[in-house]
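Going by the order they are written in, the chains are A, B, C, D, E, F, G and H; count residues from 1 in each one.
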Amino acid sequence: MRRVSADHHHHSTLDPDRLARQGFPEVVFCEGKTEVQIIENLAQLARANGRALGSRLDAKRAGAVAAALPEASYDALSRTITVGDPPPQPAPDAPAVAVVCAGTSDLPVAGEAAATLEFLGHPVRRIHDVGVAGIHRLDARFDEIRTAAVTIVVAGMEGALPSVIGGLVGAPVIAVPTSVGYGASFHGLAALLGMLNSCAAGLTVVNIDNGFGAAMAAQRILRSIQTATKP
Amino acid sequence: MRRVSADHHHHSTLDPDRLARQGFPEVVFCEGKTEVQIIENLAQLARANGRALGSRLDAKRAGAVAAALPEASYDALSRTITVGDPPPQPAPDAPAVAVVCAGTSDLPVAGEAAATLEFLGHPVRRIHDVGVAGIHRLDARFDEIRTAAVTIVVAGMEGALPSVIGGLVGAPVIAVPTSVGYGASFHGLAALLGMLNSCAAGLTVVNIDNGFGAAMAAQRILRSIQTATKP
Amino acid sequence: MRRVSADHHHHSTLDPDRLARQGFPEVVFCEGKTEVQIIENLAQLARANGRALGSRLDAKRAGAVAAALPEASYDALSRTITVGDPPPQPAPDAPAVAVVCAGTSDLPVAGEAAATLEFLGHPVRRIHDVGVAGIHRLDARFDEIRTAAVTIVVAGMEGALPSVIGGLVGAPVIAVPTSVGYGASFHGLAALLGMLNSCAAGLTVVNIDNGFGAAMAAQRILRSIQTATKP
Amino acid sequence: MRRVSADHHHHSTLDPDRLARQGFPEVVFCEGKTEVQIIENLAQLARANGRALGSRLDAKRAGAVAAALPEASYDALSRTITVGDPPPQPAPDAPAVAVVCAGTSDLPVAGEAAATLEFLGHPVRRIHDVGVAGIHRLDARFDEIRTAAVTIVVAGMEGALPSVIGGLVGAPVIAVPTSVGYGASFHGLAALLGMLNSCAAGLTVVNIDNGFGAAMAAQRILRSIQTATKP
Amino acid sequence: MRRVSADHHHHSTLDPDRLARQGFPEVVFCEGKTEVQIIENLAQLARANGRALGSRLDAKRAGAVAAALPEASYDALSRTITVGDPPPQPAPDAPAVAVVCAGTSDLPVAGEAAATLEFLGHPVRRIHDVGVAGIHRLDARFDEIRTAAVTIVVAGMEGALPSVIGGLVGAPVIAVPTSVGYGASFHGLAALLGMLNSCAAGLTVVNIDNGFGAAMAAQRILRSIQTATKP
Amino acid sequence: MRRVSADHHHHSTLDPDRLARQGFPEVVFCEGKTEVQIIENLAQLARANGRALGSRLDAKRAGAVAAALPEASYDALSRTITVGDPPPQPAPDAPAVAVVCAGTSDLPVAGEAAATLEFLGHPVRRIHDVGVAGIHRLDARFDEIRTAAVTIVVAGMEGALPSVIGGLVGAPVIAVPTSVGYGASFHGLAALLGMLNSCAAGLTVVNIDNGFGAAMAAQRILRSIQTATKP
Amino acid sequence: MRRVSADHHHHSTLDPDRLARQGFPEVVFCEGKTEVQIIENLAQLARANGRALGSRLDAKRAGAVAAALPEASYDALSRTITVGDPPPQPAPDAPAVAVVCAGTSDLPVAGEAAATLEFLGHPVRRIHDVGVAGIHRLDARFDEIRTAAVTIVVAGMEGALPSVIGGLVGAPVIAVPTSVGYGASFHGLAALLGMLNSCAAGLTVVNIDNGFGAAMAAQRILRSIQTATKP
Amino acid sequence: MRRVSADHHHHSTLDPDRLARQGFPEVVFCEGKTEVQIIENLAQLARANGRALGSRLDAKRAGAVAAALPEASYDALSRTITVGDPPPQPAPDAPAVAVVCAGTSDLPVAGEAAATLEFLGHPVRRIHDVGVAGIHRLDARFDEIRTAAVTIVVAGMEGALPSVIGGLVGAPVIAVPTSVGYGASFHGLAALLGMLNSCAAGLTVVNIDNGFGAAMAAQRILRSIQTATKP
């Protein structure tokens, strides 16, 4: 026998130009990466951009990753880690994003969206537990949603909350189906199909459990607003 | 060559005992039957029970069928035909069924449910066009829903309306997905999955476009109420 | 490194008005919740309503949860926990619910339905192992089904039992598909589709493995009966 | 422009040895073939085997096909055509096949199975309209099923009838799902999955609407019986 | 026989407050509506808002509808009809929307998006036939995309174009899968899944063939930009 | 806290009449049963019938089960256990069943079929590793297949072997798809669909991985043969 | 009313460089194009390349298209049209492609592959009706397959033929599933999945009914062979 | 109790003639095999062919397998093991295969393809991390792809990379979808459907994660090239 060795030559090539090209930095998707790869990737991005964000980092590996990096902060609920400088304080009149979720089980996905937006320097309003089965609970928080520049709505099971909110506000609504549910939810398919077929005009949808993607879609909108308002 | 002949020996065997056994008469499902079969079936049931109902009768064949039967009345929207005596007038305090639908395109299915219930002698409240994207329209009609013994909610596309109503009332709510929609509605699958995964506890669901089945489910409930209230 | 901490700020907002609004209390769905969350939720509901029910609580966490709450009782088969006062004794003439299941493997789902109904104070008749492949076994228990106000039928694999019972009785029949099976059962899809396409008119269906939902649907029917029979 | 011509060089190659190799002759599947192709195929097989059978021949083309062939007989319900000599009279003690179907709409598929078996010279017992929703109707015909060498059960919608019969008899039961139904029947998928997941041990299943295949499966069984009983 | 009559009591209730509530007027979805319903709906909206838009109006009914309404203009490719006043001329510096499509067959969906945006008064850049298989064709038009406030990308078959564009620009990209394709495109499912799984961060997706929905999503973004830039 | 207890009241009701009614005894499906339940069930059946068979018994629990029962024999490959008297020696001229499988990974399912048939007293011919990709290997064993009364063909991946064999022999062929494969095999769906669409006339199919069901289907055929050959 | 006009501005942009870039000319996919568009596209390509090919041209429009173009030749079976110069005569030792199909109904797809290859100047061997259910028919033609540089195998229903051939030859085998079949063939899905899961190593697959794509895949291989053999 | 024993009689029959018949040796698929079976299979093939390859060997069992065999080398990333003589050095002008992958997570599948090709003696160019979202990264490596005899493109998520490359080169492109992704990737289905519907003509596709199959497809092409270039 000659050798039994893990391959250590194939690391991912980062895309350092993304910030310049698209206005937002690359983020490290930690699922399926080794601790060493995650640490290297975060360190490299933090060097280039001052700070770095990692998503989908499970609690098991978080300790080792956080210990190896300066100024690292891990949030177990949203499974995100930030490294380096704190994000810039948003301007007082910066357009805000409302992150709304239907149930307790949707919190990790909503948290991923919120953490990503905060990392990018945007003000976030977290509005939880306003599902369709108790639609009256939405009233108390409605003004925060109505005045947001963008609203992200996270919902599992039948995924009806984005339709309700999309019918009430005129600003962009980004719907995030979650895999919360069982049986005929088919791991989020029911929520996904519901959102794609919403009778509220102009809803858009991202992949199941993709809180990060919803935040990036909001980031794109906020960037267009900022471009338009710059003198 | 000997013969080219349509088979005319195989007619369906009706189930005359169903009224005694289950408390409701057999109904003729007209789809896939010839005009002759429909006429024979309706006539036989009308002789046995005084009146008869046919469902899923398309407008093309309705003229010939109605012309062949005494006291026939066809409703093109719900594609139902009734033959024979009018249904008994419901008692003034008879428990009512609210039939709610989300959009104009859901009317045929809602109409099938309503026509079936009226044929069976129950008072029906028809409440239309109160979809989730304009949820405020529900308010004006909510008292009629709140006080009904049973509510049937018919919705296509994302099928969210039953969840909203199911979270507001305590009486039985029967959800009917419709095939209204396109693309990722997959002919009603999106609405069906949405309703099966409703976060409103105790919703029940019938097959896509099955207004008749929803009415029969309501009939079963009304029968249990009547059994309980009989001295 | 600054901190690696589990988020402990996001607890679910309970819905204390549900009992008044809909006639039944909120129930704690334990799957995906931490032991601390479950204990807090059950305690809060027990304080408000005198007693509380938790569903989908696996045996591993049941010990810790039960130990932390007074008057807690856990049933491992149905994975339900009750806390607080025993439910009120049903009146002798209270309408009963028959909970029927097809095979041994369907017992946990049937148990969840029965435990929920008993928690809500309704008399329950448990009828097991009367699957379609040995349809003669149904005869011995048929009178208990025929005289029930509502029948819940739980079945996996091909899910044919609700059709058979639905063709024999006139009272409401709520069908619960289970994920029991393998291969082309596709985790309950076969049973679900079978029940949605039942040739027995007026069957209604809930989500796969949703014994709790079936019980709540029965609760809604029993509430309509009680409303109608109150002087 | 040179030519616009239908290709007329590609005719299907028949398999004249099949009768010797497998004990049954080739049958012409008429769907997707031209009238000329059907006539040629049937004529060639009738010359080789004395008679020939065509399946899935729609009524529109049947007239022309039957007119072109001697001793042709078309049955519109089962969409089958036979050409040539009548099949041999079955021996008085020849093992019989029961062809059972659940509803009127399943008759074309049941008819295809029966016509194929009769063409092959087997005695057939046609038993119709004994669906699960009126299971008591099965009793009157049960002896004919119990004493058959093979039973073919044809059912659409939830496809539960084969399970019931399979639990009552010990002889082979071949289940044929049909595309009868709508909505969540998904063109026969519900019935197919139901039959594959039957709790009756030893059921076998053929493709949706494949009455011909079920007959051929029965033919294979009858052939094994005949082989075993030959001195 | 008493009567065979089409139901003419059930017309759709329009939502006149939508313009005030959400900043955009209701649009008439013509599929599944009668000519009379379409004419009434368009006339009512044109009276309320000065002009009206109808989508999914097939060419067959367009003549009768357009003849009945003043100032009606029908576009056969996008199947849209406009009635009443022309839309306001966009301001010279108004943010523009790029509507990009991959192939000729995607033009109807792209056209629906463009027509809706023009009806709402937004400048539109139509960029066609820049599919992924000839990615070099994108270069010539890239500046128009890079400087747009929002880009809508319409693609059928494998739906890869939004990923490519989403990786090149930082502004919002709304992906519209179309049902263009055959076989394993499953009526647009392949394109839909491709877009939901895009490796370009922050893409959002609407329903298959939903050009109107993409335009409304862009409208929501443009409205947020306008709100932010108003003094 | 009052109690945390596993439910021990619900045991399955066995069907002791099955042997008389259908000609074969009940078999214990061990998956999802506790060791105690399995032991009780096997013991009870062995008392009634002299011997008993259990299927789907994983190796972990097999030791405890076998230790508790007299004359128990466990086969790890097919996951079957037999208890009690050995099966009767088949008569020298008893009709045999060929159990054919395509690949090594299909052996457990083929083994389950073979073990069940041997338990029932039938002679079995085991023919392995004759998959379609090396079709020439079939030749050496073809005579054993050609002369069998029934052939069971077990295959995963594309499931093509039953078509090849079904085109070569005239006796009954029962196809068993297995979940062997990965990716687009979708846990046996590819093989299942392939077998249902076989171009070999008269193939029948059982559920994915259902070796037991295939054996029972063969048992039904052998029983019909025995009935026919009894004087 | 102003105008009802079909859009005539949007024609497809052809890709004239493809021949230089990839070694094969663009082909006109006629489905979904108007007669005018098809004629223009074919004429433009014929001018650029000397000849042109159109695929998926139905017989209805073929007459008008062929009449408008010089040297046009339409083949109704494969639904292809060629315009302009005949293809160059292949060299005597040019590598050949075998196009094999399983059944008569697969001929249009096989024909599309063959016509495309002949248009590109390659020798084609057409081998029909050698399906798996009569595998012995393959023997007579096997030498033509064994000596081909590439083999395209077209099959519907269970799609098993490519596995058999792929296990016998070492040259490239391109599998084309067709939508031939019914019921659980799900419009070619069964054949597609079967081919993707083939146990014959190194099979590749194209989309359902995509004879053109298979020919182009063969063209790519032949081009690599030609590149390698050029001095 | 008599015995609890693992079956040790059923080992797989290897196919020693494959090298002669098809030009490539059999490879051991290790998934689902015991360590003993793997060792025996590899040893037998190494004796016959001088060397042997095993695929899908997880790291846990690799140590024991490698220790038991002379000259064994295990690569953990691609999960492949080679035994015996090193492969022959490719000729300097041997046609090369480019193995391209879109993201870091696709490396194991790309590695399996590359390792298989190297085992077979072909030169391989590994090109990683050139996904569609950063399409500019493709430029730097494009010449290596353009001049390869065959290109294998491995991609998960939306699977768009093969379309882009397929539109740029004229040589064969073999697309390998991977199960990389989450949510609506449905374990690789999204990538698979995307590749099957590619608008780049002549792409071919293998099963999800089937790097080995792609290598074997390339091997078949290289063999045809070698056959053609041999004097």
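Observations
We take it that a contact is a pair of C-beta atoms (placed from the backbone, for glycine too) under 8 Å apart; a residue touches a chain by one contact, two chains touch by 3 or more.
Keep in mind that this is a model prediction, so the values were computed, not measured.
Averaging C-alpha coordinates per chain and comparing to subunit C, the farthest chain turns out to be G. For the two copies, subunit A and subunit E, the CA superposition rotation is 180 degrees, given to the nearest 5. Between E-H and C-F, more contacting C-beta pairs join the chains of E-H.
Using the mean of the Cα atoms as each chain's centre, the chain most removed from subunit A is D.
Centre-to-centre, using mean CA coordinates, subunit F is 44 Å away from subunit G. For the pair subunit B and subunit C, the distance between mean C-alpha positions equals 27 Å.
Averaged Cα coordinates give subunit B a centre that lies 35 Å from the centre of subunit D.
Chain contacts: subunit A has residues 103, 134, 167-168, 183-185, 189, 192, 196-197, 201, 207-208 touching two or more partner chains. Listed by chain label, the pairs that touch are A-B, A-C, A-E, A-H, B-C, B-D, B-E, C-D, C-F, D-F, D-G, E-G, E-H, F-G, F-H, G-H. Within the complex formed with subunit A, the subunit B residues making contact are 102-103, 131-135, 157-160, 163-164, 166-168, 181, 183-186, 189-191, 193-201. The touching residues of subunit C, counted against subunit B in their complex, run 21-24, 27, 95, 149-150, 167-174, 192, 196-197, 201-208, 212-213, 215-221, 223-225, 227-229. Those residues of subunit B that touch subunit D in the shared complex are 1-7, 10-13, 15, 18, 31-33, 37, 177, 179, 187-189, 192, 207-210. Residues 59, 62-63, 66-67, 69-78, 103-105, 107, 111, 128-129, 134, 137, 180, 182-185 of subunit G are the ones touching subunit D in the complex.
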